[in-house]
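Before we start, here is the structure in question, set down as structure tokens.
Labels A, B and C are assigned to the chains in the order they are written; within every chain, residues are numbered from 1.
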Amino acid sequence: MSGSQEAAQGADIVAVVRGSPVTDVPKDLYIPPDALKVFLEAFEGPLDLLLYLIRRQNLFIIEIPIADITRQYMAYIEMMGELQIELAAEYLLMAALLAEIKSRMLLPKPVEASDEEEDPRADLIRRLQEYERYKAAAEAIDALPRLERDVFEVSVDASAIEVKKIYPDVKLKEVLITFQEVLRRAERSSSHQIHREPLSVRERMAGILARLRGGILVPFSELFQRQEGRPGAVVSLLALLELGKERLIEILQDEPLGPLQIRAAGGADDG
Amino acid sequence: MADVALKSIIEAALLAAGRPLSLADLENLFSEAERPPPEDFQRAFAELAEDCRRRPVELKQVASGYRLQVREAFSPWISRLFEERPGRYSRALLETLAIIAYRQPTTRGEIEDIRGVAVSTNIIRTLLERGWIQAVGHKEVPGRPALFGTTPEFLDYFNLKEIGDLPSLEALIDQLDQPSLDALQQPSQASSDADPQSSQQTP
Amino acid sequence: MADVALKSIIEAALLAAGRPLSLADLENLFSEAERPPPEDFQRAFAELAEDCRRRPVELKQVASGYRLQVREAFSPWISRLFEERPGRYSRALLETLAIIAYRQPTTRGEIEDIRGVAVSTNIIRTLLERGWIQAVGHKEVPGRPALFGTTPEFLDYFNLKEIGDLPSLEALIDQLDQPSLDALQQPSQASSDADPQSSQQTP
């Protein structure tokens, strides 16, 4: 916000014309041409301008002195036209409406319809009243305490809060069903053969590789668990042979008939 | 749980969430077995509101739930925190918003009839982008124009719990029917630039 | 200003800012003429920290300044605010998991060969995060891709004593012709289908 604007805010400025604030709307019709444009731009439309003209004279809307108001309104419009300032079509439409109302009021009323005849101003009065009501409502809304201006939302850091992650439930059956779908597809394409090694061998292969992580050397014998008995030993042996065949491990022997040592293929650099 | 006061848990949640929380949101902080009954929550809200009296925040119930907010009295300092002053809204935008708020659901055509001028697409877009209004349907007339209504975010933003909390239109009319009201004769009234709010805003 | 405590202004600012505020930030809430001296700020920080002792937040000094943060003790409740409840796992993820279980140790490339489509990094990451698979080594081919296998957590979750409790590949292939998969609920998996998971699952 610039300094000049801030200073100007103290006074009731209506507009800033070429840098100088205009602090009051002129009382009479003479308005400097530059100011007139700004002045008119301050209105939200013909209804707003009419309301201003009425209220300036301290009148009720229902008492709208149509001749007087029409004259003033037309004077503004004509000045705008002379200055070749482009006017929104709505202003011209309102000028036409006012002229029509004025002419209807000048016409002598037909005798037979005197009671029924609606005041030609009635519709305009209704519109002005309705517009003024919403104009006031807009001001009321603007005056409500609002976020970011009057009151402020709060928030504090919540990084100390440990957030548990919730995982979806999965049933084994779902896994198997989707796997069957994979098998079905594989069968159809038939280019992919799914090996039929017993599962326990595949898992043991993964288990052995997990033990060999970090490129460590593990003695062959340590890969067998006594408590698993003979079937376990067979599974481990098959797994080691399969790993060897797939070149996933290296089997080392320092000397003939020496102890066998196993490590992951790729050696010690393995992370 | 017994040793942690419910009001503290509510306060912690409102502070951590950074958005209004409904009673249901707050109830969901507890497992079903531990969930306090609604009357305990009501009591805790009252205690928390009381605690806040000595503090710069207040407990407020708005459309989408409860929230803690910095009191209006602190805006002179707090507004300096934010480089960008929240844009003051033009009269055209506020009038459009007011017509939608009070007459919803309503169409752009009806807004234009009331205001006597065209409503720029820009204004409708801004209101939609701010999340203050939404299209709630279409009017079954030629062209099927969108019907607009306000959103809970609108109420939240303007610190209201429900649309009925808006100042009543009747009260506004009563004021208007007294042409001697100073406010109405002020030329400044006609000009958005001299809006009294503007001076009020600078701390 | 005299009637509004500095500590309240600081509290209001820290709450409204939603980020840490430095001493300079806080000093800038005041015009130069009204700015309290640094020692007042120090005293106010001490008062505020003291006030917070009875409250669910604490005043912390971090690299970029001061901030209020929710105490860790409130995690049991507040964490629920931030819980994301992910939807179900995708079919692609379940397929990947099954292939790893049956083909372990296996690489992402092999999984892709079998599935005939790419396996997203996201799927692998989710499975690793969940603790169901692990990298057990690298295959000595160009690029040294990771070899994945299942974990003991995988067995626990699905209530399997060992991987051999999964139906054999032969059994699955033999059942391909059967439209219904009821046959899969064989004794060996009975445990899994009786869905004890649900009880096992409590977070």
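Methods note: a residue touches a chain if its C-beta (ideal position, glycine included) is under 8 Å from a C-beta of that chain, and two chains touch if they have at least 3 such contacts.
Quantities reported herein were computed from a predicted structural model and do not represent experimental measurements.
K.L.:
Please identify which chain has its centre, taken as the mean of its CA atoms, farthest from the centre of chain A.
P.N.:
Comparing chain centres, C lies farthest from chain A.
K.L.:
Could you name the chain whose CA centroid falls nearest to the centroid of all protein CA atoms?
P.N.:
Nearest to the common C-alpha centre lies chain A.
K.L.:
Centroid from C-alpha atoms only, then distance chain A to chain B, rounded to Å. What do you get?
P.N.:
For chain A versus chain B, the centre distance works out to 17 Å.
K.L.:
Taking the mean of the CA coordinates per chain, how far is chain B from chain C in Å?
P.N.:
About 35 Å, centre to centre.
K.L.:
What's the distance between the Cα centroids of chain A and chain C, rounded to whole Å?
P.N.:
26
K.L.:
Which positions in chain C touch two or more other chains at once?
P.N.:
Residue numbers touching two or more other chains: 12, 15-16, 18, 57, 68, 70-71, 74, 78.
K.L.:
At which residue positions does chain A touch at least two other chains?
P.N.:
Expected reply: 152-156, 158, 161.
K.L.:
Okay, in this complex, where on chain A does chain B touch?
P.N.:
Result: residues 1, 6, 9-10, 12-16, 24-25, 42-48, 52, 55-56, 58-60, 88, 90, 94, 127, 129-156, 158, 161 of chain A touch chain B.
K.L.:
In their shared complex, at which residues does chain B touch chain C?
P.N.:
4, 8-9, 11-13, 15-18, 21, 25, 28-30, 55-57, 68, 70-71, 73-74, 77-78, 80-81
K.L.:
Please output the residues of chain A touching chain C within their complex, sorted ascending.
P.N.:
Listed in rising order, the residues are 152-187, 189, 192, 194-196, 198-200, 202-203, 205-207, 209-210, 212-213, 247-248, 264-266, 270.
K.L.:
Enumerate the contact residues on chain C facing chain A in the complex.
P.N.:
Going through chain C, the ones touching chain A are 12, 14-16, 18, 20, 57, 60, 67-72, 74-75, 78-79, 82-89, 91, 94-95, 97-99, 101-105, 113-116, 129-130, 134, 136-140, 144, 147-150, 157-160, 162-164, 166-170, 172-173, 175-176, 181, 184-185, 189, 192-193, 195, 197-198, 201, 203.
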